[in-house]
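Shared between the two complexes below is chain A, which has chain B as its partner in the first and chain C in the second.
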Partner chain A sequence: MTASVTEPLTPVPVGPVPGDPGPVRANRLRHALLHGRGRVGVVLVGLVLLLGVLGPLLAPYGPTEQIQGANLVGPGAGHWLGTDELNRDILSRTLYGIRVDLVVVFAAVPVGAALGVLLGLVTSWWPVTDVIAQRAFDLLLAFPALILGILITAFLGPGVFTVAVVIVAIELPVFGRLVRTSVRTVREMPFVEASQVVGATPWWVLRKHVLPNSLEPLTVQLAVSMSVAVFVEGAMSFLGLGVRPPHPSLGSLIKDGVRLLHEAPFFAAGPLTIVVALVLGLLLISQSLAEARRA
Partner chain B sequence: MTRYLLSRLGSALLVTALASVGIFALIRLVPGDPVSVLAGPDATAESRAAIRAELGLDRPFWSQYVHWIGDLARLDLGPSYKLGGDVGSLISDGALNTVVLTLFALVLAAAGAIVASTAAVVWDKRWLNSLLSAVNTAAVAVPTFATALVLVLVFAVRFPVLPAGGTPPAGFFSQPDIALQYLILPGLALALPAWAALTRFLTESLRTELRQPYVTTARALGIPRRRIVLTQALRNALPATVTVLGLQLGSLLGGAILVEAVFAWPGLGRLVEQGISSRDYPVVQVLLLLSVVVFVLTQLVGDLIHAWLDPRVRLNGVS
Partner chain C sequence: MPDSPLSPPVLTIEHLAISFAQPRPAVEDVSVTLRQGEILALVGESGSGKSMTARAVLGLLPPGAKATGSIRYDGRELLGLSEAGLNEVRGARIAMVFQEPQTALNPVRTIGWQLREALRAHGLRSRKAATERAIELLRAVEIPEPEQRLGSYPHQLSGGQKQRVVLALALANEPEVLLADEPTTALDVTVQAEILRLLDRIRERTGTAIVLITHNMGVVAEIADRVVVLQAGNVVEEGETRALFARPREPYTRTLLASVLRLPAPGSAVPIAAPADEATPAVEFRNVHVRYGSSRRGRAFPALNDVSLRVAPGEVVGLVGESGSGKTTLGRLAAGLVPLAGGQVLLHGADVLAAPRSERRDLRRGLAFVHQDPEASLDPRLSVGASIREPLDIHRVGTPAERDARVAELLEAVQLPPSYAERRPRELSGGQRQRIALARALALDPTLLVADEPTSALDVSVQARVLELFRELQERLGFACLFISHDLAVVHKVADRVAVLRAGQLVETGPVATVFAQPAEDYTRRLLDAVPVPDPTRRRGRRVRELAS
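Let's look at the complex of A and B:
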């Protein structure tokens, strides 16, 4: 007996469904990422990603290793980006610091986005859950990101995990609301009504019609949210809520660097370049995706 | 319009009421106890119980909550636990500093955005567009605290032309010229990202407006492009921009925390930070509620202005 016989019957759309995204649109987004501004963005983000992943192999010293007699040395052959006031190699610290931002950008943001999308999809189908969820999202959005950060740090104490939790809390309502807009528009379409007539369940409609239709705005928002996350990490480290002192993050390095800008103007240059490259790359990606969507 | 107004007002009140309960509960869940902060490490059990009773923390949750709402309604917030002084005056002092700074930044950002985007659209020169796009991207891609610190180092340390931080000693209103000197650097640092977002949005809206049929008609009638942009396209592009401005106000208040930290600006951001770290419940819960109220109000005002400027929003009913 073949497996397909025991499978429950599900409604299958016949032929192209009007209003549903065809393969053409997916190609358009991919095209935007491989050409022009989008490609520059992908290259920039890819470069930072590579530096972060290969960090431990590339770094000449440990992230907290103190080198004798190298106090605030300028950039040179031994130390490409110089050393800090505690005799640590800035290049090594920057390479390790990137990893914190990578966790925040490529783990925390997607987790927050996925949770937000899931909650938004499921709750917006029924009026009662919709009202409850949307008011809850409003409530979360009502706190400025950093106040939320300070509040969550009061519960969890400073650290990378806390920064990740803060990012999830910031992004969850953003994606929840975005998905809700899609649900509202798509469920009014005639093809959704038609599929309900042939017996489609809410879950099936959400999965097959709503989600594909909201993928484009979600991708654009994902890129924007990732660049916001880099700033939130930086700001939290700057206020002393992020990574704990001996360990580096891009935010804490920039903070130290700018504090010593007078004595050691080279200090902030490396980490600041990485942050700008990362944010710029993500912005270019989001811009090119948004443009491809409108075209 | 009345129906639209009432429905928006109702939803705003609901969010605020829910927020007040949520904040009150949340603050009491934060690990660490104001009693141990106040009593010190080697206080006896009796003295701790006495402090607890004096602060009213021994009563049940709802009784404390109702009491607090009553105090709020009478605007009598009582003394703070730790920071010293009356909660009301602590907050109003901080609020004045933050509001002046935020409004200054908002005006800078809005004025800058209108000038930059109309210039870009009216002249439509290639070099101008590239320049604006580059400055815009730079303003978004460099973190606020880095811009703020660089501004201090350049204009206050290297070339000491402006004060490095603090608020004007004589207040904001008695000597406006001196107050302005104190406001310029923090205001610029705060305004830059908002300016970038607004300029990008407004330029895009103006370009969209210029593709509309009514512009073609106006051009056919011989009205110069500059006049069309200034008198018609700008007016049609502004409603949506006001909504974006409202959203920017929220992020400005968030950014104010960072800028206040860099410029030693005694505003609400610093108060939140100090309040939470010293478990000063009366200060923190009012501040958090205040941030919710500001958010809800800006959303409300933004929606209403939008409805007033664009009749389709209010005629299509409640969304």
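Let's look at the complex of A and C:
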């Protein structure tokens, strides 16, 4: 400190003072992810992620490989999760199926989120574009997720790509809405006025002030949306709108399992456990993040 | 009213300490005795623990707070009392009034309903009796036509009237002790003066002892019998008001009193004004009109009405007036933040709004804006250095290295070490944040600075230093300034000329010394008269004058 700096009469408190915002936010979010509920979520999601990434190495058989003499065998030493009616190893199919969900969760959701944020950010600055974009979002939001899925499949035909498109279409308005709220609050802030007075363009304000200040609530929504995506993939494949046979996905595996519930009750157990772990993990993460934000 | 030393104590606070799960206790060791019928002022800067002390009396501490020591009222220990026990005391024996009258009243209920509810909560069953008592209370707080007012909603009342209703609610059950936490801070000076006189009269009529929590030494001098000075959770000094103002013992009290800005005594000599500058004004308002609300629906509210004002280069013009006078609107108009409904705004002789878009940006380059609220005037996500750099980045001034050098230079100009560039706004105190906001405003060497109440959220001692810095920078850099403030003493300190606004119209303008010493308009005189003088010996004279008028 230079000599010219005069200290205020009442010393500036060193530690946090009552009524002060808590310690730096980023640390708090990290803390939330590494403790309690958040940690359970991270471990669950991490495990599923690991299984999916290492799937081809771990799987004892190929995903569509038919094994002679192993028709609807129950779980045992040779086939940990048993085999299906077409003599395929369910463990191998599940491991490969996870990969479809990973694409959906970690590619389609971020793409939808990024597009939604971008659209919401740009359109909500000007009243005219704002009205147009928000009504379009209303339209998308008016469709229940599965109806939207069926509609899009009618145009694109079933497949992983269609599932991804459906998820982007579901997430786009959600994130567009969320960003709009942030734009509305941040643009009224004095620091935005201060930069506008010196000649900052709307673009500058959106990029430098609005976007950074609105990212935090988005992290929570991202985790929620990912769990929704797992659910949507499962539901679409269950209805036969998703991954086409013979390729496996968690949803289609569960569908087959339900069909053979009486002959082979063990069938759906593996894929179901994975789906539950993934959705539960993502929800726990989003819950702990939301809590850390509020605290 | 000098109180007799014999009047018995009603409230005794001994060795009160309040701490949170944090290293610094909010209150460390506070002992205060309140005697019957006296007005005791608790003064101190923010963080001194004055509000926490008052809240502890009624058990209104925020969750997580731990209080030790003793608070005795009427022989009963209040600290550690159960909620049920506290409810017997709250409102009935000890009442509290908060700073913001807006939030203290329920906006969807009439004044009468709220008063009756308060009376009913303490056992007045009959509706007719409650209504009669409510009228009586409104009369006690000097609200005109109380019978009609019972049917009014809070939004139909002015700020001062709302605070009167809040007082009436507090007085509903004739409490022995009234805790008033900055009851006049949110009000205009003229209203503040009225409320203070009202408090004084209530005390005289009912014998209620009042604890007045305030940061304003003028208010203290005006009405308090005794003063307790708090600093960082400890009692620094305690004494009878006149004695304390005349001979403060502790250095902290002395500095606190020295930082209070004072207006010159009325009728003092007027220095000869400097000849008017004939150069092109830095900003000129020509018959400007501003309206808020939709004119299509015929609901437009005129915020500014036919205002003409010139600010010469290098001149500081203070804009003063009560809330709703349009002073902030005029400042925001210069900065291009509000739409113009009529007239012209010229920046250096050029009409900004008539200029094409591309030129507008360059015209505005010489303009900067400092906002009132130090909490919100800096982007919490950006480092201090990045905030100061922003104007340079927007206009792509020099190379990045040159910009960083300029940031260091600006930090030095506002007397902060260059290492502060790395910090986040939340790591700074309010005064430091306003220095940073000033540094950012000066980044592009503006020729006109619009400062909207830049120091009103700061403590007096901090405010004094920020104002000194401002004055020094203004003299060195020679920018013109529109300085908006409701605090006449602040304007007196920094401005060359002053413009008085009232209800959207310009009432009076002239050199500060002339206007303050010999106001030409009655409104200006009333505004000046209402400013509480931090000198208890001048109190009596004012009362006499008031009686005479």
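Here is the rule we go by: the second predicted complex is superposed on the first by the 272 of 295 C-alpha atoms of A that agree within 3 Å, B and C clash if a C-alpha of one lies under 4 Å from a C-alpha of the other, contacts with A are read in each partner's own complex, and residues count from 1 in each chain.
Assume contacts are C-beta pairs under 8 Å (C-beta built on N, C-alpha and C of every residue); 3 or more make two chains touch, one makes a residue touch a chain.
Treat the numbers as computed from the prediction; the structure is a model and nothing was measured.
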Which superposed partner A:His209 touches (first chain B, second chain C, both, neither): second
Chain B versus chain C as contact partner of A:Pro190, first or second or both or neither: second
Partner chain(s) touched by A:Leu139 [first = chain B, second = chain C, both, neither]: first
Which superposed partner A:Gly199 touches (first chain B, second chain C, both, neither): second
Residues on chain A engaged by chain C in the complex (per definition of touch): 1-2, 4-6, 8-21, 24, 189-191, 193-200, 204, 208-209, 212-213
Complex contact set, residues of chain B against chain A: 11, 14-15, 18-19, 22, 26, 29-32, 137, 140-146, 149-150, 153, 157, 250-251, 253-254, 257-258, 261, 269, 272-273, 276-277, 288, 291-292, 295-296
Parts of chain A lying in touch with chain B, wherever the complex brings them together: 135, 138-139, 141-147, 150-151, 154-155, 227, 231, 234-235, 238-239, 251, 254-255, 258-259, 261-262, 268, 272, 275-276, 279-280, 283
Chain C residues touching chain A - in the complex, by the definition given at the top: 20, 22-24, 26, 44-48, 52, 62, 65, 231-232, 252, 255-256, 335-337, 361-362, 364-365, 367-373, 376-382, 387, 390-391, 394-395, 412, 415-417, 424, 426, 429, 431, 437, 440-441, 443-444, 450, 459, 461-462, 465
